[in-house]
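In the two complexes below, chain A is the common chain; its partner is chain B in one and chain C in the other.
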Partner chain A sequence: MNPVLRPRSLFIALGVLLALAFFLSLALGPVSLHLLDSLQALLRLVGVPVGDDTLEQAQLIIGQIRMPRTLLGLSVGAVLALCGVAMQGLFRNPLADPGLIGVSSGAALGAAIAIVGGSLFGGIPEAFAPYLLSVFAFAGGLGVTALVYRLGRRDGQTSVATMLLAGIALTALAGAVIGLFTYLADDATLRTLTFWNLGSLNGASYARLWPLLLVTFAVALWLPRRAKALNALLLGESEARHLGFPVERVKRELVFCTALGVGAAVAAAGMIGFIGLVVPHLVRLLVGPDHRVLLPASALAGASLLLFADLIARLLLAPAELPIGIVTALIGAPFFIYLLLRGRA
Partner chain B sequence: MRLSLSILLSLIMPAAAFGAETLPQRWLSAGGSLTEWVVVLGGESKLVGVDTTSQHPATVTKLPSVGYQRQLSAEGILSLNADVLVGTEEMGPPPVLEQLSAAGVRIETLSAKSDVTVLEHNLQRLGSLLGDEAKAQEVFAHYQQQLNRQAQWVSAAQSKQAAPRVLLLLGNAGGNPMAAGVDTGANWLIEQAGGHNVATHASYKGISNEALLALDPEVLIVADRRLRGDEAKQALLKSNPALAATRAAKAGRIVVLDPTLLVGGLGPRLPEGLAALSAAFYPASQPLLVEAHANL
Partner chain C sequence: MLRADSINVQRGDSRVLEQVSLELVPGQVLGVLGPNGAGKSTLLAALCGELAVSAGSVKLDQRELSDWQGVERAQRLAVLPQSSTLNFAFKVEEVVGMGRLPHATGRERDQQIIGQALAAADAQHLLARSYLALSGGERQRVHLARVLAQLWPGGIGQTLLLDEPTSMLDPLHQHVTLQATRRFAEQGAAVMVILHDLNLAARYCDRLLLLERGVPRAMGKPEEVLQAELLQSVFGLEVLVHKHPERGHPLIIAR
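== the complex of A and B ==
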C-alpha cells in the first residue's frame, strides 16, 4: 500500500473536516436558527454577554440539545474508530471490527436484560430506566469480552485465533439469549429494543455524557502509547516479542481498552455499526499502516464521520428522525464493498 | 429594532396574552386514539404535528410527522413550535421529554389503558386544555351510552346464543400469525363484543399451526388492513392450511378488523368496530346501529 497523503497534510485536512463537522452540528437542526443568532447564543453560553433575551430559545437549543448531542457524537465516533484500529492491529486483519471480541453483542445482551427484564419485574421508574440501560449495556460488554479473553488464554498465553473463535461463539450465544428475551417481551418493550439496536444520539444530556467523555479521553491517551507495539505486532507476535515488546501485556491492554471504549459508546448511544470497521480501513488507505499516525487520524475521521451521519439522521425526515445506525450502515456498507473491490483490482 | 418591538409588544399584549398562555394553541399529538379525540373535541385546527401512530382521520396524516412515539426528537418538536405535547405513557425517550419540558413545552401524559374511567379522565383533561369541558363531558356521556347499549345488546344476544370462542390474529403476512393474549386491548375488545377469547397466554405471541387447530376458534378475527374482500380471505386460507381447517374458516366466520383499533386505548371509532364484531359473533341477532362521529 502506497500512502496517498503525507501525515501532516492528512492531519490538517482531518482537523479542518472535524471543525466543519462540529460547527455544522451546532448550527444545523430541525429548528432553523440564524447564523448570527447561533453565534451570539454560543458566545452567551460561554459567558460573553452579547445580544438580548430573545436569544433564550437559541441558547437553549444550542446549549441543551445540540451541544451535548455533538459532544456525544464526537466521542462515540472517535472511540469506535480508535477501538477499530486496536482490534485490526490485534487480529492483524484489516477486516476486524470491535464487535469481534463480543463487546457489542454483550452490550446488546445487557440492554435486552435491562429493557425486557425491567418490564417483566413490574417496570423500573421512568426517570431511572435510561441509566439502568446504560449500566447494563456497559456491564454486558465488559463481561462478555472478559469471558472471550479468558477463553483465549492457555498456559499464560493468549491465542488470538482462539479469542476470535470464542468471540464468534459467544456472539451467537448472546444472540440466542437476546432472541429469548425478544420472545418474552411484550409489544412495547420489543419496539424499545429494536430502536435501541439501531442506535441514536437523540436525547443526549450532559448527565449521561461525562462517563463516555472520560472513557474516550482515557482510550485516546492510552492507545497511542501502544502505537509502536501495534506496529511491531504487524510483523507477527513472536517477531514483536523478539523486538522486546511485552506482547501479552499489550494484548490485554488492547482488549481492555476496546471493551471499555466500545462498551461505553454502545451504552450511551446504542449500536452504531461500521464506524469501527470502515474508518481505520479508509485512513490506512490514505496514509499507510503506521499506528502512530493511524490512531489519531482515525479518531479525527471517526468523529467527523459520525457527526455528518448524525446531521443526515436529524435533518432528513425532520421533524422526525432516523436512527443513526441506519445512516452509518447505509453509507458504510457500500463504501466498504467499494474498498474491497478496489483492493482486489 | 427587535428589542424595541418586543418592548412595544409587551406593552400592548399583557391582557391578550393571559388567556392565550393558559390554553395551549399549538398541539402535538403522539398517540393514535388521542389524536382522534382531539379532532372529535374540535381541536383539529390546533394540531401542528402528529406521530406515526396517528392515522385517523385521514386529514391528520397530512400534518408534519414527528416519527414514532417512542423515538421523538426534541429539536424536531421544538421546530414545530408546539405549546403542548399530548401522548400516552409509551411516549419517549424520557431524556427527550425532559429536554422538551425544559424548553417550555407542556407534556401531557395520558394513559392508553382500555378502561372507561381512564377514558373519562383523558377526555376531561383534553377538554380543559382545549377550553371546552362541556363538550368533553357530552362526548364522554354519549360514548358511555353507546358502550352501555352495546353491553345490553350483547346480553340480549347471549340469551339466545352462547358466546362464541374467538381468536384474534395479528400480522399474518409472515405465515406466523401472532395471537392476542388475555392482557391485551384486543382481549377487551373481544369480551366487550360478547366473545370469549380462546387464547390463554399474555400479550401478543406467535402461535403454531398445531396450537391454532387445538384452540379451534369459532370466529377468527384478523387484524390486517390489507385483507380486503373475499378474494384476499381466500388467498389467506390457501396460504395457511391450518387456518383453513379451523371451525371458523369452514363456516366462513373470518372477520377483518382495522388494527388501529387495537392500539392506544379506547378511541372514538371503537363503538362502530364493536358493533361490527358483535354482528359477526351473533349472526342471528339484529345488528346494533351505531352512528359515527360526524367529523371522523
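== the complex of A and C ==
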C-alpha cells in the first residue's frame, strides 16, 4: 500500500484539526458557553480588547480551568505519540508501544507507592499530594527504564531484544508490587489508585503543567534531529552503522527521550494508553514511514486525538467525567485489532 | 582499499577465523568461497568492524578501521548483508536513497544516483513501488542498489563488501548483479563478494579466497583455486573441472 497523502497536505490537515480540537476543548464543557463568547473570551485572554465585561465568567473558566487542561492534553498527546514513534523505530516494529521499555509500569509503581505508601504513613499533606505523586511516578518510570536499559547491555552494546524481554519481566514484577499495594490499600486510597491508573486530565493547573511542557518541547526538538538515524535504523542496526550513524548513542537517546517523555506524561495525567501505539501507525498509513515527516505529524495528530478523546470523556456523561484512559482504550484497542487483521490480509 | 593482516576472530572459546590476510585492490573483485560455516560471513563482519578481531589488524586506506569516523567511513566502505529485516512500507526509491544518507550531495544529484544505481541492479522499474510489496529477489536487488548508491559512481578509494548478493536471484539476475559489481570495480572500487556458486565465482572474480573452518586453504586466480582435488577436500564434492568453451575460465561440474 502506498501512502495516500503528500506531507504538505497532511500537515495542513493536521494543523486545522489541532486548531479545531484546541478551540473546542476551550469552548465545550459542563458549563456551556456560547461559541462566540468563547472566542471573544479567548481573544481577551491574549490581550485583544473585544466584547464587554459580561465575558468575565467565560474568561475565568477558559483561562483558569480549560486552558491548562487543554495545554495538558495537547502536551500529553504530542509527547506520547512522539515517544511511540521513537520506540517503534528502536524496536523496528510498527506495533511497538512506549510502555515496552517499562516506563509506564515503573510510573504506575511510583504512583502506587506514593498513593498507598502515603496513606499508610498517615497521609500526605493535602498541598503536596499531587506534586509528590507526580514526582514518584516520574522517578518510577525513569528508574525502571534505566534498569531495563542496563539489563539489555552487554559488552558495550545494547541488545534491543534483551531490552524487550527485560521490559516484559519488569512490567510483570512492577504489576506484582502494585498488586501488593492494592491489597494493602483502604477503600478511599484504592479509589484514588484506580482512577489514577485510568488517566485523567482533570485538575490540571499551570503549576503542574510547566514541567511537562518543558519535557515535551525538549523531546519534540530532540527526536527530529535523529529522524535520519531512525530511518536508517529501520534497515537494521549494523546497516545503520554502515551508513555512518552512531547507533549505540542513538539508541541511548531514544530510550532516554521516551523515559523522560512518557514518564512526565504519566506523572501529569496518569496512564493513557494506545496514543503512542496507534497514532504513529495511523500517520504512517497516511504518509509513509519517513521519520522526517512522521515525527512532527505524529506530534500534531497525537495532540489532536487526545484533545478529542478528552472532549468525549468530559461531555459523554456530563457533568460527571469519564477517565480518559477508558476513552483512548475504547477507541484504540479495536483500532489496534483492525491493524492486526489488516496486516495479516 | 581494505587490507587485513593475519586476523583472528574468537567466538567464546573457539577460534572461528585464523590467520586470514587479504588485500582488496582497486579495480578488482575478490570472491570468497567455502562450505557453510567456513567463516565467510565472519570474515566480512571483521572486515567492516562489526566483529572485533582478537589478533591482527584491519586497515582502510592505511588507517585502522576503528579510527575512522562513522560518516567518513560510510563514504568509502559499503556493506551488503545477507538479508535485511526492513519491515516498513518505504518506497523503493526511499530505501535506495538511504545509501545517500552519509553524503550531502543534494536532492537532485541523489535522485540521479538513485536512478542509476537501480538501473545497475536492473530494478529501475521498481522505483515507485512499496518495498514490502516486493519479492525476496527484488528486495535483494534493491539493497544492492542501495549499497551501490552509497559509493556511487565507485572509484579508487571505495570499498564494497557483498555477502551472497545472488542467493535469492533467478539465473539472469545472478549474472546481472555480478556484471554490475564488475563494472563498479572497473570504475576503480575494490570489491569483495561472498559466493556459493563456483561457476559465477570463476567467471566474475579476479581472485578467489577459499576458506575451510576459518582457515584460508587457497588464494589466487580462479584457475589456481578451482582445482578438482582442492574442491573435493574442502567441499567433499567430487567435481570435474573443464574450460568454458567460449570464455576459457574454469567450469565446474559435479560428477
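Operating definition for what follows: the second predicted complex is superposed on the first by the 344 of 345 C-alpha atoms of A that agree within 3 Å, B and C clash if a C-alpha of one lies under 4 Å from a C-alpha of the other, contacts with A are read in each partner's own complex, and residues count from 1 in each chain.
Everything that follows uses one rule, which is that a contact is a pair of C-beta atoms (placed from the backbone, for glycine too) under 8 Å apart; a residue touches a chain by one contact, two chains touch by 3 or more.
As the structure is a computational prediction, the values presented were derived from the model and not from experiment.
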item	value
Partner chain(s) touched by A:R92 [first = chain B, second = chain C, both, neither]	second
Contacts of A:G244 with chain B and chain C, given as first, second, both or neither	second
Residues of chain A touched, compared between chain B and chain C (which is higher)	B
Touched partner set for A:S32, first chain B, second chain C, both or neither	first
Doubly contacted residues of chain A, that is, touched by chain B and again by chain C	none
Footprint of chain B on chain A - complex, ascending	29-32, 52, 54, 57, 60-61, 64-66, 126-127, 129-130, 183, 186-188, 191-192, 195, 200, 202-205, 208, 314, 317-321, 323
Chain C-touching residues of chain A, taken from the complex the two chains share	1-3, 92-94, 228, 231-232, 234-236, 238-239, 241-246, 284, 288-290
Residues of chain C that touch chain A when the two form their complex	48-50, 69-75, 77-79, 81, 84-91, 94-95, 98-99, 101-102, 128, 130, 150
Contact footprint of chain A on chain B as seen in their complex	2-3, 6, 49, 52, 64-68, 70-71, 73-80, 90, 92-96, 98-99, 102-103, 202-206
